[in-house]
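The structures come next, written out as structure tokens.
Okay, so subunit A shows up in both of these, paired with subunit B first and subunit C after.
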Partner chain A sequence: MKNFKFLKVLTALFLIAVTISPLFANGQKETENKESLRTIKIFAYQFRNDDNRTQHMADAYMKSHPDVKIEIEEYPWDSYFQNLEVRFNAENPDFDVVIMDIPMIANYAERGFLKDLSKYIPQDTFEDKIAQKSLADVIYKNQIVAAPMQNSDQYLFINTDMAKEAGVTLPSVVVDNNTNITSDFAKKWGDSAWTWEKTVAAAKKMTKDLDNDGITDVYGLHIEQAGRLYQLQPLGGSLGGSIVAPDGMTVKGYLDQEPWYKAIQFYSDLFNKDKVEVPGSFIPGYDAPKEFVNGSFAMMVGGGWNIKMIMENPNINVAIAAHPYFKDGISTTPTGSWVIGASASVPDEKMDLVSDFISWWTLTDEGSELWYDTNGELPASKYMLNKLSTNEKYSQFPRSAQRLGVYQVMNTAQGRPVTPFYPFINEGFDKAFTNAAQGVDPTKALNDAINEIEKNIQRVK
Partner chain B sequence: MIKQKQKISILAYSFLLPALAMILIFKLYPIILVTKESLFKVSYLSGTKVFVGINNYMDLFCDSSFWNSVWVTLKLNLLINPVQLVIAIIMGMLININHKGKMIYRFLFFIPLGVSLAVTTIYWSIIFRPGNGVMNYLLNGLGFPTQPFFNSASQAMWIIIGIASWKGCSFWMLFVLAGLKNIPKEIYEAAEVEGVGSLSSFIFITLPMLSKTLLFILVSDICANFMLFIPIFMITHGGPDSSTNVLMYQAYRTSMINGDMGHGMAMIVSLMILLSIVIAAQFKLFKDNE
Partner chain C sequence: MNRKHNKRNIVIYHLLSILFSLIFVLPILWALIASFRPEINIFQGISPLSFKVLSFFPFTLDNYIGVFKNEVFSKALLNTFFVATTTVIIGVIINAFAGFSFATMDFYGKKVLFSIVVASFLVPGDLLVIPTYNLIDSMGLIDTKIALILPLLGNGMVIFMFIQFFSQIPKALSEAAVIDGASYRQILIIIYAPLTIPTIIGASLIMFLAQWEAFLWPLVVSRSINNGMIQLALSTFTQQYGTLWGLKLAASSLLCFIPLIILMPLQKYYISSIASSAIKG
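Up next, the complex of A and B:
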């Protein structure tokens, strides 16, 4: 009986101890603090193909800085921004370095989530090392709130077998696996871009119902990121449209202008009138590059990140043409990519280490070259842009194709709106274009989106 | 005697303590946090968080997207809950009654329980892909025209209902089955002797005897479907034309994508209040029924 009593008391004590033990779990705080000053925590986007690119950079830095420890927390595209939003809003986001999509940085900076890097790295160094257009995109209210890691470029990929079969003549200058790409060639290539009108005409010819069962088996054209601002901005941009006022405070007087009504009508027509676009592409998870190489559609307007995968695929013959533009408009292409910054929560005594790491990755020749060799996307550093254009090491296809990207950055690139209200604008824009593609009247879709964007801006101003 | 009782209650409470702590930390505390957050507003331009009292709630009253989401949520629930309840009863009956195909039904009806809602959603998105999805090939083979499915404001909601019900019906069927097993066989035997037909015994014996179970299912089902999120998050993103933009998704979008936490949290609190009203009404109904 006594033993049973003892057992009861012991059980009660154990359960109470288990419940309250987390309240006393800060015994090692001091040691942890010392160690944390030499530990860099990175909140990272899981770059395409999940091949540990960020880890590769961290390993290289730790090799040359043996006393530094780097911890990486990675998230894929689908949940990246949501996770980042939650963490930024927490009392302590628990990371030092953060990888961000460029149009989001004005919003993060405005809400006080980012350090001004120019306080720790001289502005001259940024100007010396980063291409002017890329640097301009990370300056917000005279502060350098992030360092550009890379850039992006866009192309029209054409399945040449399908084009031949449909009797479509390719643009006069295209790139294939054997093309020797020089700077002069890039200009001729850029000048030979199709207009959107020609592109749609070709797409109509290439759209096929192979077994005459009433269902389209091969679509003529697909724009990789269905309904998204990044890829659709050039539609209005080509017609001279801007999305937001120069001060970033309103879309009224900009997004509600003629170029955007024409652009959204054009996008809607691709799906509903011309029926050359893939209707199922709005379902998340639709893997456009894979569908393209599998022959689901004949042409894809897509990013330079696809070049290697598409051009090295033995089952498909592809020509790379320049990004289309409207007949009466100008040629504009999407640009901007991932940037790296420091969380505002990093203590001052740790900023030397954090800024050194960011500087090593993006501003040093060694770091930027290693990142380009690891990641393979269009660089933002002057050193690498120059090396990519001239060095023998990058003269072989598919790397050499990025010389076309250099041409775009210099001539046709148009950045996304720089405004703290970008999330509202991005969401409203995507919704309008997606709704229009799904059959909603394009004018109504755009007007509804503009009203919602303005309402949201007014609320959080 | 009192001391003995106290000792027993200390032991009993210590057993309850870990579970209570979990409820406190993972249920009650977040509710308090969400309610607190809904009283603040972040100004993008000043970067400050200011106490605005019930202003976020007042804003909701003038927010047409919010009201559209409330309507979509109610519409979804008015459609999905009766559908799931009726199908769950039919499924439960098919498994409970002795007949030749019982094993096949049992096998088929239990499959959805082994598949997560996320995986179910992926399967359905492939089947109902607009354009050249599996279902369109089937429809076409049967002579029907191609359907837009998720690209259509009038069809997308029904497919969402289909996805949630494919899994939900099997789950609720388990409770129906448990309820059916609790009805004494003697009642049916007596009814049979009295010459009562199958339909009459279902209406006058089975349904009244199942009433408590069915009310429990209805309450739980409404709770689950008010918070339905995964298929909308994974496929429609609230579209087309906001036709599937339920309150849960609108709150997620406002707070997690747009970073407008105060407004988003006010939506969550409103959803909580709406749900509490519905549940309170059902409990009242449950009590009156007793």
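Up next, the complex of A and C:
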């Protein structure tokens, strides 16, 4: 009984202490507030797990701004999106700056998660500093909701030994480890791209059943990231197709047009009629670059992020050709990559600091060059694109191969749809092309996906 | 004739059983075997499919060495053991007390509270992540081990298990103890707990596995390497344009086999405890 009384008194004292504690904490809180206004918290995508690329940028910024503290949270691809979704939806996301995948930004902006950066950095500055096509991809409802950090590029990698053995003549201008790539060269290289028709013809020749057991041992062609919108958008794009309406509100009248029916039929034929594509490539985690290097297929349409690994592999001889296009169409290539924005939860008094950091990273010559030297992906800033094309520092292969990417950014790049419904469109598109590749009638696969996408759009509109 | 028929049926039955078992076992077996091959040979024999797929050769332990040398993973492994064990110890006590109260006492609002307990394990956990995050954030507990443990202490399923078990114990036992002057705490600890060992083990397994497999909750509340959990560490082996397959398969095999090593002997004990429990008798 005595013990119980003691417990009661203790509880009462504890409650009183908790209630009045803020009275004594004011001074400390003020200091904390001041410190928090000079602290930038970054929610970052982990570009690689064996180095700290974002930290490298933060260190450089803190060195020139000793009064600023930067804290970084980094997440890999597998856990990044789920985490960001929960945090954006929480009352306090607890970060100021966020690194995002470009097709998601319209969705985040529509839900009010992002600041309009043009309120803090003049739009003219963006136009002066960022390549026009990259800038267009971060504008949503006339607001600049993020700043492009980098870009992406696509190539046709050809195993030259397999091509030679099959009697395939390479495109007239290709790149290998010894090619001196200049801006003029890049144009000639771009102009010499194969059509898809030629590519499939070559792929058929290179598809081999080496031991005549009726099972294909080497496939002729593989398009990396099987079935994904980013990778396959150029199929419809080359035939003049768009995916969504300009306002981003519907795919009807766009994805259900002739270019896309032709595109999905073509993709299905690669697997089911021409049988040149790798049927097992839809297994989650299928490592296309490694399989290419191992000789599982002879040609790969894939990203510039593979150049270093493929071209430096001593077991394989490879030529890099420009991305294919349809005979009666135009040349288009996928583009877009990671961008950096500010959380809508950042208080106004802190936005000067946050926008200065974003501007330093993406718009200044110093920041964009440091990021390119750190991360190595195709830049989005005009300064770096120009420097990459002309400066001796970047003339050595494989880095010089990105001069071909500069050509793409300036000439053939086509961004993904800017729409808040991108997650639905992406999922439907992937499903349609994956199903078609696996034997579903392509027209039915596309129509089913369009209905599903529209239903989802109407549900949340 | 009949005997022949029976023999044939048994053979067909066993062949079908083996076939179905293989469907379930082969992928796990492949992951385990491939984890002992060098990165470049991980997918050997997959396309076209051949028996090489189940070969240990060329053999290497590099993937396992790599996993243990990986600071993120090894720290996460220790953290997960700590968090899971703490959750089990504290959680079993809390849930047992809750189950005991529901099973043996009558109090105001019992039915409503019981409905909440049942609903809590019927609602998918992911739905509760945002409000729970807000709560933990407002308590200033983000990136602490308490944040990892606290929301998983109260487990509706485990409370339900205890209620079911305690309800089967004759009330005469507790009533006799009350007449002898025992408090409820004494009744639970001295009389009920020894009879409850199978349920305690079952509850411990559920709570341990809940922490072992947790992904979304640790993902949103743990920020630093000091509070990382294993499922998060596993995800670091997958990057946007590639997967470190050797490390991922080695880590996945470890994550499967460590709980198996812990659970198998306990499961045996669990089953025998049920068979010999006072309730059964």
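Here is the rule we use: the second predicted complex is superposed on the first by the 423 of 461 C-alpha atoms of A that agree within 3 Å, B and C clash if a C-alpha of one lies under 4 Å from a C-alpha of the other, contacts with A are read in each partner's own complex, and residues count from 1 in each chain.
In this section, contacts are C-beta pairs under 8 Å (C-beta built on N, C-alpha and C of every residue); 3 or more make two chains touch, one makes a residue touch a chain.
All figures in this text were calculated on a predicted structure; none of them were measured in a lab.
Visitor: After the overlay on subunit A, what do you see for subunit B versus subunit C, clash or fit?
Guide: clash
Visitor: Let me test your reading of the model: by the given contact rule, A:278 touches which partner, first (subunit B), second (subunit C), both or neither?
Guide: After superposition on chain A, A:278 lies in contact with both partners, subunit B and subunit C.
Visitor: Just to be sure I read the superposition right, which of the two partners does A:86 touch: subunit B = first, subunit C = second, or both, or neither?
Guide: A:86: touches subunit B and subunit C.
Visitor: Just checking: does A:439 make contact with subunit B only, subunit C only, both, or neither of them? Give me first, second, both or neither.
Guide: After superposing on A, A:439 lies in contact with subunit B but is clear of subunit C.
Visitor: Once the structures are superposed on A, label A:421 by its partner contacts, choosing first (subunit B), second (subunit C), both or neither.
Guide: The first partner, subunit B, only.
Visitor: With the two structures laid over each other on chain A, which partner does A:460 touch: subunit B (first), subunit C (second), both, or neither?
Guide: Only subunit B is touched by A:460; subunit C is not.
Visitor: Could you figure out whether subunit B or subunit C reaches more residues of subunit A?
Guide: Looking at subunit A, the partner in contact with more of its residues is B.
Visitor: If you stack the two complexes on chain A, which partner ends up touching A:214: first (subunit B), second (subunit C), both, or neither?
Guide: first
Visitor: Kindly point out the stretch of subunit B, out of 93-101, 129-137 or 219-227, that overlaps with subunit C after superposition on chain A.
Guide: Stretch 129-137 of subunit B has C-alpha atoms clashing with subunit C.
Visitor: If I apply the document's touch criterion, which positions on subunit A are contacted by subunit B in one structure and by subunit C in the other?
Guide: 82, 86, 89, 215-217, 278, 280, 285
Visitor: Okay, in this complex, where on subunit A does subunit B touch?
Guide: Touch residues, subunit A against subunit B: 8, 11-13, 15-16, 18-19, 81-82, 85-86, 89, 107, 110-112, 213-217, 219, 278-280, 282-285, 420-421, 423-424, 427, 431, 434-435, 437-440, 445, 452, 455-456, 459-461.
Visitor: Any idea which subunit B residues touch subunit A in the complex?
Guide: Touching subunit A: residues 7, 10-11, 14-15, 17-18, 21, 41-45, 47, 59, 63, 65, 122, 125, 129-133, 136-137, 140-141, 145-146, 148, 150-153, 234-235, 237, 239-241, 252-253, 255-261, 263 of subunit B.
Visitor: Over in the complex, which subunit C residues touch subunit A? Could you list them?
Guide: Interface residues on subunit C, with respect to subunit A: 40, 43, 46-48, 72, 129-130, 133-134, 137, 142, 215-216, 219-220, 223, 232, 235-245.
Visitor: Across the complex, what residues on subunit A touch subunit C?
Guide: So the residues of subunit A touching subunit C come out as 45-46, 48-49, 73, 75-79, 82-83, 86-87, 89-92, 94, 215-217, 278, 280, 285, 287, 289-291, 294, 296, 303, 305-306.
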